[in-house]
Amino acid sequence: MKARVFSNSCLQGTYYKLIFLPPVRVNIIPGQFVMIRVCAADSLSDPLLSRPFSIHRQALDGSIEIIYKVVGKGTDLLSHLRKGDYIEFLGPLGNGFPLMSIPPPSSPYKGGARGGESLFSDEVIIVAGGIGVAPMLSLIEAIRASGADNNIKVFLGGRGKEDLLCVDELKKIANEVVLTTNDGSAGIKGYVTDALHTCLLNGHGQQTRTTVYSCGPTPMLKKILELTEHASINTYVSLESVMACGIGLCMGCVVKKKDNSGYFLVCRNGPVFDGKDIEV
Amino acid sequence: MKARVFSNSCLQGTYYKLIFLPPVRVNIIPGQFVMIRVCAADSLSDPLLSRPFSIHRQALDGSIEIIYKVVGKGTDLLSHLRKGDYIEFLGPLGNGFPLMSIPPPSSPYKGGARGGESLFSDEVIIVAGGIGVAPMLSLIEAIRASGADNNIKVFLGGRGKEDLLCVDELKKIANEVVLTTNDGSAGIKGYVTDALHTCLLNGHGQQTRTTVYSCGPTPMLKKILELTEHASINTYVSLESVMACGIGLCMGCVVKKKDNSGYFLVCRNGPVFDGKDIEV
Amino acid sequence: MKTDISTNIAGISLRNPVMLASGTAGYGEDISKYCDLNRVGAIIVKGIALKPTNGNPPVRICETPSGMLNAIGLPNIGVDSFIKDKVPFLRKFDTRVIVNIFGSTIEDYGEVASRFNGVEGVDGLEVNISCPNVKEGGIAFGTDLEATRLVVRTVRGSTTLPIIIKLSPNVTDIASFARVCEEEGADALSVINTLLGMSIDTETWRPRLGNITGGLSGPAIRPVALRMVWQVCNAVKIPVIGMGGIVTSNDAVEFFLAGASGVAVGTANFINPAASLEIITGLMAYLEARGLNNITEIIGKVRVAF
Amino acid sequence: MKTDISTNIAGISLRNPVMLASGTAGYGEDISKYCDLNRVGAIIVKGIALKPTNGNPPVRICETPSGMLNAIGLPNIGVDSFIKDKVPFLRKFDTRVIVNIFGSTIEDYGEVASRFNGVEGVDGLEVNISCPNVKEGGIAFGTDLEATRLVVRTVRGSTTLPIIIKLSPNVTDIASFARVCEEEGADALSVINTLLGMSIDTETWRPRLGNITGGLSGPAIRPVALRMVWQVCNAVKIPVIGMGGIVTSNDAVEFFLAGASGVAVGTANFINPAASLEIITGLMAYLEARGLNNITEIIGKVRVAF
């Protein structure tokens, strides 16, 4: 599908925000992604493949926002797009974060959809590393919109200050926002998972039922899964993977199943997975 | 060499003019060309090769102008460049039109540089087909600048009206401008070579010493060489050829030598050739 | 007169000569959301073996200039589940279904092939003897003339369905492989599978693919594919399905001119899952613009003067 | 400590391991205006034969996705003029000169090779047995193990200069060709020459190249070239010069990691005649950024776990 670029601007450092308007309105679940082809012209074949990006949010007029970091040739080209240019996109794709797990407090529904176990949560913890913050704002908005008044705590980490995005927006909407940077240029010095660890040691996820939603580099996700392995925490991770198609055709984007019975496709079975199901 | 785009705008239809500023001033002979790499980013490899373009003119500040027709992916990309963008360019390249053949009337110099024969001309005929007009304006300017007051007659042909470029500028500077179009939408209906033929039949190039400069599609050049084969006309043609390098490395851009002794390289030995030397 | 691009390859009559290449359209389910399978000439499904296999560990793909490397490693659900769970879905579409098969031994090939005898909804078999990514399934057979001969002979003896042999480009003389297949009774040839390639991450010093090497596909290989299709078409009389880097209808026309009776669209599906439909439309337009009524008027018509 | 990228290949000591590939830098004159030949490791000149040849009629080149096809057809000024007219120019530079040679018969190869014995300013011979564009000069030798053996044996017997055999990628098993060359006394190998390809103009229905087929080079073939370099390096002990699609220093590093002792820059010279100098600078920076002092610290260091 061709979509018109509405705006494309630098947020800070190498991070950009692109807003584009799909020709038809699409419905989005937070955590879903789009594939965007960033070739300079249709007839060109380098870069060949589309690139996956989490949907950051959807505006009222149906336009879609992504935020991205320039890391290579595709994102470099993307950063040169201007208002009025066209992109090729496909989406929304994949499964978003399961929201059913957080019924509004008044709801009689307490049973979870996944595996029949109860997924009701008293508390929501969001952990994002760098550009992993992309889907989190609309996730929180969706939780709030569902009427749930859970305590929402956000852990946002980056290498330095310039890697912390959406901080003001998050502060407005979450109950608490903890910032960490590896170089100490903002928030607590250290890894975001260290801060999470401290929080969990302080009792979170012990008495209360806690849901953790996370998105970021694979080593971060791995660590989070270790920290939250115990029963009363449901951890959802949004995985990255090299993708050729984004729609289940190439079978390239695999992640190992926990039960050793083979692989999931990140694009079709994810990108959001229940931490219990996969081996990262 | 990197050069900054000063402006890039549509002239008419699919014809554009690009003005760019080389980092160092270069000296240009009309008929020389530049190689421009029109990849969207350095790291991309499609389109792979640079594209050759005649130098249209050089402004006083040293900036170089080319005019081009969008025919494929390279020129398509080129047409999307905007002020402030950068291009990779190499040039000026090749041999331009031999100007020594037209000494000012006052000059005692009557001997030509090519092959020792006299190349003095009373009359200059310029034949351009479509985008082949590109180098002609600066050629005429150079002839005028050299102090020569020869009669300069221009034949400019195209498929239709929209293929006739630089008409007003040419009219200002040449003694006569004959326009032809295949579809009759402007000037005389027919091929530009038909108009040239009529002119030659009317005695031009018979009594007077005439120099013909031409640039355009190969079939046009072939016809011109047929029409002007007789002795008192010196015909220079600017050839097109697929080029990979533009500087004599690939040996791809060959044209047959008239004496059957092998090939010339269009980029190194041309693009302007004396019609007597080649077999098009 | 209506432009006719219907065709018959290996005894399979196709609405049009544009197919979905094996391994790039799965078993049809996912792509059917983006590409109306009723409109493509045929779908060639992802390779099927006797037993289910999981494929290679990640990383399985990486992009290269105008191409991609893959080392998927032929994950498959096994012939039994395929027939039980996937064929019924495919049967719903008014298109042709060609099943790509592979095996670890010559007997395997025969066995898988025989399972499709009498299976309604399967129109032909494409025999993969050229997968560069698994020790068992293919390339060892496809780069050895005698092994090729035996696989084709065995499959031929095991099935009544039309068989299409998929040739490897990783050989010195592809025409000789084509001739062996023709001699052994192959009905058609698919040309080409992927070229063996490699890429190294200069940060980690590791191969970019978990499998070290992988198969190169996409526009980068189109000139090699086209040359091989042309060579094969000059060497045998059986029809050839051309593939390798086809993205636009213009690319497809090159393969028809070189002699292909049909084309398959692979990597392009990943970029645009409706690519094959656009190619079909473009092909019709190409013929109509030239006053040609039938696809056969361009097949093999490249003007070469030796 | 100063980073050292000097190297020794086939007994030829080079200032750095980055060379200009044969056929992409002529006899050095034109490129010397853009690329300081005193700074490159070596220039491998355009192929030289016994007698002058004109090369193929146009069209000789065409662009393909991330690559180009060429059917130049080995125009050359003949060994005598080369030694008389071109070597003196090359001698002016403080670089190594490797002469690429070809012939129409095995005897030709020996004869051309012998002419360079004692010619001052020539440091080695690269023997082209893999040009896909002329019936005589090469590929027929380079795709046949026994012919390869005879060419190498003959050239080995005809010269005291180091000999580097340039292998064809258009073979099933490039390692076997490498081993034959090693057995016959080759000092090094150049891997790879171009892949045979084709392109057809869908307007005129003619092949885009006058010669019908041509050699594919450029970034498109890099994954295939890298894989072959890796295979050859695992098969023989003599040094390998890697080439095929190298444009940036990062591309060059991939080839070193795969085992190449040197690299050659071909098609990239057409896009940027100073590409090799940028690669040299980038290579130094790559090593320095990692605290490595010597190019040998990356050669063959790809981390593969079998």
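As written, the chain order gives the labels A, B, C and D, with residue 1 at the start of each chain.
Criterion: a residue touches a chain if its C-beta (ideal position, glycine included) is under 8 Å from a C-beta of that chain, and two chains touch if they have at least 3 such contacts.
Small disclaimer: the values here were computed from a predicted structure and weren't measured.
Peer 1: So which chains count as neighbours of both subunit B and subunit C?
Peer 2: For subunit B paired with subunit C, the chains in contact with each are A, D, in label order.
Peer 1: With centres defined as the mean of C-alpha atoms, identify the chain lying farthest from subunit D.
Peer 2: Here the answer is chain A, farthest from subunit D.
Peer 1: Based only on mean CA positions, could you tell me how far subunit B sits from subunit D in angstrom?
Peer 2: 37
Peer 1: Express in whole angstrom the distance between the two chain centres, defined as the mean CA positions of subunit C and subunit D.
Peer 2: 34
Peer 1: Counting in whole Å, what is the centre-to-centre distance of subunit A and subunit D, each centre being its mean C-alpha position?
Peer 2: 48
Peer 1: Hey, what residues on subunit A touch two or more of the other chains?
Peer 2: 43, 45-47
Peer 1: Touching at least two other chains at once: which residues of subunit C meet that condition?
Peer 2: Only 65-67, 218-220 qualify.
Peer 1: May I ask you to sort the chain touch graph into line, ring, star, complete or other?
Peer 2: complete
Peer 1: Which residues of subunit A touch subunit C once you look at their complex with the stated criterion?
Peer 2: The touching residues are 37, 43, 45-50, 88, 90, 241-245, 247-256, 262-263, 268.
Peer 1: Given the complex with subunit C, which residues does subunit B contribute to the contact?
Peer 2: Against subunit C, the touching part of subunit B is residues 45-46.
Peer 1: Which of the residues in subunit C end up touching subunit D in this complex?
Peer 2: 64-67, 69, 143, 170-173, 195-200, 202, 204-207, 212-213, 216, 218-224, 226-227, 230, 245, 250, 253-254, 257-258, 286, 298, 301-304
Peer 1: Any idea which subunit D residues touch subunit B in the complex?
Peer 2: It is residues 23-26, 29-31, 33-34, 46, 54-55, 57-63, 65-68, 70, 72, 75, 218-220, 247-248, 267, 269-273 of subunit D that touch subunit B.
Peer 1: State the interface residues of subunit A toward subunit B in the complex, per the touch definition above.
Peer 2: For subunit A paired with subunit B, touching residues are 40-41, 43-47, 73, 76-77, 80.
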